[in-house]
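Both complexes shown next keep chain A, but they swap its partner, so chain B is in the first and chain C is in the second.
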Partner chain A sequence: MTQYIIRRVLQSIPLLIILSFVLFAFTNALGDPLAIFAESRNRPTQAEREMLIRRLGLDRPLTEQYLVWMIGNDWMLVDVRGDGSVMEPGTREGVLRGDLGLSFVTRQPAWTRIEERLPATLTLMIPSYLITLVLAVAIGVYSSLRPYSLLDNTITGLSFFFFSMPIFFIALMTIYLFAVQFPQWGLPGLPIGGTGDGSLGDLILHMLMPVFCLVAIQLAGYVRFIRSSMLDVLNQDYIRTANAKGLSGRTVVQRHAFKNAALPLVTLVGLDLPFLLAGAVVTERIFAWPGMGRLFIESFERADVTVMMAILMLLCVMVVVFQLLTDIVYTWFDPRIRY
Partner chain B sequence: MSTINEAQPITAIPKLQQREYVKGTSNLSRSLARLRHHRMAIIGAALLVFVFLFTVIGSFIIPEPVSRYNDPARALLDPSLEHPFGTDVIGRDLLARVIYGGQISLFIGITAVIVQMLVGTIIGVAAGYLGGWIDAVLMRLTEAMLSIPSLFLSLIALRIFSDPTEFPDFQFMGRAYSATMIVIIFVIGLTSWMRVARIVRSVVLSVKEQEYVTAAHAIGAGSLRTVLVHIVPNCFAPMIVSATLGVAAAILLEAYLGFLGLGVRAPTPTWGNIMGQANSYLNEWYFWFFPALFIMLTTLGINFLGDGLRDAFDPKSLR
Partner chain C sequence: MKHLKKTLGLAMIIVLALGLALAPVAAQDGSTLTVGFAQEPDNMNGFYSSMAFAQWANDLVQASLYDISDTLENVPVLIEEIPSVENGGINEDFTQYTITIKEGLLWSDGTPLTAADFVFTYQMVEDPANNMLQGGSIRDALESVEQVDETTFTLTFNAPKPFPEDVIGSPGLSTILPAHIFQPIYEAEGSIEFAPANQDPTVFSGPYVLSEWRRGESMTFTANPNYALGTPAIGTVVIRFFPDTDTQYAALQAGQLDFVPNVSEGDKPRIAGFEGVSQVTVFGGYIESLWLNVRSEEFPRAGHPALQDVLVRQAIRAALDRQAISDQLLAGTVSPTDSIYAGSPFENPDLGVTAHDPAAAAALLDEAGWVDSNGDGTRDKDGVELVLRYSSTTAGWRNNIQAVIQQQLAAVGIGTILEAYPASEFFASWSDSGINALGEYDIAQYANNTALTNPANVTVIESLSCAQRVNEANPGGQNQTGFCSEEMDAAGLITQTSLDPEERLAAAFTIQEIMRDNAPLVNLFARGDNYAYVTARFAEAPVVGSGVGNQWFDIMNWQLAN
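Coming up: the complex of A and B.
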């Protein structure tokens, strides 16, 4: 087991390095991160601009920029004026030492930018994910026990309906109904936009609609997944044996069927969890939710390479970590599996 | 079966057998028969035919310039007989825009999937058939691409390759198109081939050990011929299913990109970029409702049909 974990970690290192280089090359090709200064009131002069470019290392070849991003440049001197007259030591420590760099736009550390947005994203994503899982297990198991009944067919039809719906459609309809029409009908409308005035009650009011939309969109896929894996298990011989030896239906479902059907679910959850950190780009946009998805779009629009790289690499590392965790949890749930 | 036949007069046997053989020996015809009895697949196909006819017949009734004609005096009109879907913020007829945008959205969805299938199949076959370090590298690449949300990936790729100075608008059959349309096809195709590659690789891995592949090699078939004639056809069933569902995913991705205002640019309308313009006109429900409705009808139809295809092609679902 330990050997397996070590091997997996070692395997993921080249993956992360290649991935980070490709992403670095792509994000750097997005445009001029200094374009933002052209709009600002105290626009830098040409000389200042060139100095800034040299300080940031933007004049260096891509591979060198990448190395600086990786291991920092505090061990080398930066030629600030371009003629060797002023040599400054570099200030960056590099990603390997935990320095994700400064945002080109706000000059804050990229990690600070993420820290500002991560809580908002998690308050949105974790509750909606938990609600999705609980509902999906309940509905999926229930409909698998009555396959092809009227109720099962209704659930299947509905899950396809929501599964096919673009999230902005359901979100706009929800907003139109609850935030636009309700007040016109004299009913209390729901607030939209942002996270509220800071009190818990207001936060929950603001969360109602986005969480509803996220659950509605995600639920369908999980319900179908659980239903089909439950149906697979329910056709197994050991379920017939359990029924034949007189166990109650409840015990059969809970202890024999669901435990086995939940195994593939563990994999699915393990693969999906890291992406919760990415937030929901479209949902956050519609509900003006200050989360990670919006941060990515904002940095994308301003070619803020360091922040984009920080978000992307955070995701990649989390995907690797969660895949490993899934494998470990799997052996714990299913003693048949050994590495 | 055999005992019954033995009991019968010998002359009856060929007839009986013949009739059975005619009715569905091939896997394909059996699959199609199963598909015809799949209620949801039929509903899905009907929805798709409806959407398709809507965009085709609509373009015969309403000429293309209508979708471009703008008149600020009639901006944001409610649906009426004259403008069944209302008008947009600069006074263009939304019905015409949904029809012509739909053509582009469907076109993008289908062509992007063709790109995705080609790339996915080539990578999957290369990884599965050649094996060794090529397999290792390609599968790491696949994993790597899977670990980034496809929306993020396509946003970045789209920005890099959609510089309007390098790719100007072009004319085709009397209509002007934005080059971003072509770019977005490749961006969607090249950021979503990973699942196809995995499916193809797993099929190739199991098929290449079969006797008939060895036999093909033994009678002197080259690698390319073996792959194309004997191995790839085995992937068709899962590929058709994944291509069908892929069209829905591509149309949705285009819609999301358009909604964020980063998709296909003017003058080409798509369902996605109509949504992007309608984004801030929440009170004018018709502005966003109709394009979104058609996106939903399309993806719903595709998902129904795809589910039916999966059942039809899966030998386990015979029951």
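Coming up: the complex of A and C.
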């Protein structure tokens, strides 16, 4: 197992390097970080903009910018003021030495920006994902045990109803109903936007609508997946054997059917977990949730390449890590698997 | 399964009960003003941001020597009297200002706010090591700054500076740096660019202090007892960030926000339908316009050949029913204009406005030789169809206007291909292959700045001057239309440098006439700065500053209703 882990980690290094270059090229092609000044009231002059471009190193070839991002620029002379008057060694250490660079927008380290937003994202995404999983397992297993019953059909219909609706529509309708219309009907309205005043009660209140929306759109996929997986397993010979042995229905479902049906679910969860860190771009934006998804969109809108790259690389690393963890978890679910 | 059902049912009941028991009816209390911002400030040092929302947040905590009111009047804050030639504060040739601040001023932490803080601020602006985004007009002009005594300092310029607001008023100097905070950092680091106080300031001069900044979520400001004009009646201002305008307006409609700045023109009709919500519009300093690509050189891309003919450009203007655009898309809140100074005190009242006249537009196009010779509904000349690439940003209200203008131009035989790009692509620089910078348009729709407190018009001086034309020698030039008028350049210089107000005004009028006659851009309407507020939350309608200066200039007089 140890050898397997070491091999996988080593394999991931060239993969991450290739990915980082591709992403760097894409993010740099997204636009100009100085474009925001175009309609600004106090826009810098052309000369000031050109100085800024030089100072940020945006005038350098893409490969050089990538190299600086990767290994830093403290080994080379850089145009500190952007006017050629002062050439000094740079101060960036590069991603390989843990320096993700400075945000073009706030001039803060990119990691600081991520640190500010990560807790809010996890606060939103983990409960919504757990609720989704718990509900999906309960509903999926129930539906598989009573396929094509009235309840199964109703649940399936409802799941697809939410699944087929775009998240922004569900989110805006939820806000309109629970926050705008409820008070007009004399009912207490839910608060819109943010995470509340810092108390747990207020946080839960602020989470109700976004969590509902996230669960609503995710649930259908998982329910169908579990239902289908369970139906496959329930038709296997070993389930018939277990029933014939006289085991209780609960024991058969829990210990024999679900454990085997859960293996593909583990793969799915393993793929999804890293993206919890990325947040929910649309949901966070609509509910003004101060998370990673919103940070990414804000960085995208202002072509803040440094922050975008930090987020994307964090995700890449997490995908690699969680895939490895998934492989390890397989051995628990299926003792036949050996590495 | 029974157990599962019970658990699920119980969970649902708990969630519902929590929701109903804890849900607030209203989010505000009597002494807190809740404001919605569409964007989060990127910096709390005004010298390091060009972002309007950052400026607005800064204006809550920063005092100026003097502000500009909603009617563009001067409002002294830290200064007793605004310097002028008459009172001896400015010398005869406008090269030296002597400024005396009020006595006994304090920073929010109780430290005296003296002339030394101003001297330090100007020195920081001057030093290129600080890499400031703002203050360019000061940096280019300032020769020296000297402290005379505790409350007096002098500024000496390398050329006449006839507009004090550009160098000492809030439009030019909206931030004063507390020397006791920044000086040690400057001495240690050689620059204040990365000073922690830029992101997390602790000392303030304005009506409020920033007491909490929850990143991505909100900023809380509490009244500054040391403010020069007293303590504001509203004890706390909370700014909440709503990146989605639909959500922001829902919060306003639900009474969870009191005040929302930066309402776009396209959203005004919607907000007008909200019960209990009022709107106020002040001079914004922007004019929404169609910029015509009149470049003939192939570098980087020539515009449609028809646009080099002034008759075609005038025909485009006459073909537009700008009043209909206002009435149908913008709730009739804006008026058509042909003035590049629209809405400012320097607008030529005798300029007139081109009427919507499709027949006149058709006649102009006929005269220019653009006729529909092949009967396909679009005019052509020498085998070239009169079909124009019409680009803008992805802002929804702009795209609606594009669609209407497409129909209006089609009515006179001008075809258009509509294009919309994200702002970061549309306004990107030459090196980043920006749509505008590369001339990848025939008509580009966006806003230009007009003149503000003085007739020096940045659009004329930078975006339409001959020297700024894009060409192989100057690929990063700011004049992307290719228009050039030496007469207008000369008039532009007069508006910047003349010491005679009458002469400056006459030059501004000349510029407006040249622009009207040559039509390198078609002005649509002057854009105000629009604000929405919950009527019942305010004791009186709030007076909001113009887009030129500080929107909170009158906040000392704002009062929430009991």
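Rule of thumb we're sticking to: the second predicted complex is superposed on the first by the 309 of 339 C-alpha atoms of A that agree within 3 Å, B and C clash if a C-alpha of one lies under 4 Å from a C-alpha of the other, contacts with A are read in each partner's own complex, and residues count from 1 in each chain.
The rule we apply is simple: contacts are C-beta pairs under 8 Å (C-beta built on N, C-alpha and C of every residue); 3 or more make two chains touch, one makes a residue touch a chain.
Bear in mind that the values here come from a model prediction, so they are computed numbers and not experimental data.
Residue contacts after overlaying the shared chain place A:L52 against chain C, while chain B stays out of touching range. Once the two complexes are laid over each other on the shared chain, residue contacts for A:I175 go to chain B and to chain C alike.
Once chain A of one complex is fitted onto chain A of the other, the partner contacts of A:V320 are limited to chain B, with no touch recorded for chain C. Once the two complexes are laid over each other on the shared chain, residue contacts for A:F287 go to chain C alone; chain B is not touched. When the two complexes are overlaid on their common chain A, residue A:N243 makes contact with neither chain B nor chain C. Of the two partner chains, neither chain B nor chain C is touched by A:T267.
Comparing chain C and chain B on the residues of chain A they touch gives the larger count to C.
Using the contact criterion defined above for the overlaid structures, shared-chain residue A:S228 touches neither chain B nor chain C, since it reaches no partner. In the superposed model, A:G31 lies in contact with both chain B and chain C. In the superposition on chain A, no contact is made by A:T331 with either chain B or chain C.
The intersection of chain A residues touching chain B with those touching chain C, taken from the two complexes, comprises 30-31, 172, 175-176, 180, 285-286, 297. Contact residues on chain A toward chain B in their complex (touch as defined above): 14-15, 18-19, 22-23, 26-27, 29-31, 157, 160-161, 163-166, 168-169, 172-173, 175-176, 180, 274-275, 278, 281-282, 285-286, 296-297, 300, 308, 312, 315-316, 319-320.
Residues 30-46, 48-50, 52-53, 55, 58-59, 81-83, 85-86, 105-108, 116-117, 120, 135, 138, 142, 145, 172, 175-176, 179-180, 183, 187-195, 201-202, 204-205, 208, 285-288, 290-291, 294-295, 297-298, 301-303 of chain A touch chain C in their complex. Residue ranges on chain B touching chain A, taken from their complex, read 40, 140, 143-144, 146-149, 151-152, 155-157, 159-160, 248, 252, 255-256, 259-260, 275, 279, 282-283, 285, 288-289, 292-293, 295-296, 299-300, 302-304, 307. Chain contact summary for the complex, chain C toward chain A: residues 1, 4, 8, 15, 18-20, 22-25, 27, 39-40, 42-43, 48, 50-52, 55, 128-129, 131, 133-134, 136, 171, 193-194, 198-199, 214-218, 240-244, 246-247, 250-251, 253-256, 285-286, 422-429, 431-432, 434, 436, 446-447, 449, 458, 462, 468, 476-478, 547-548.
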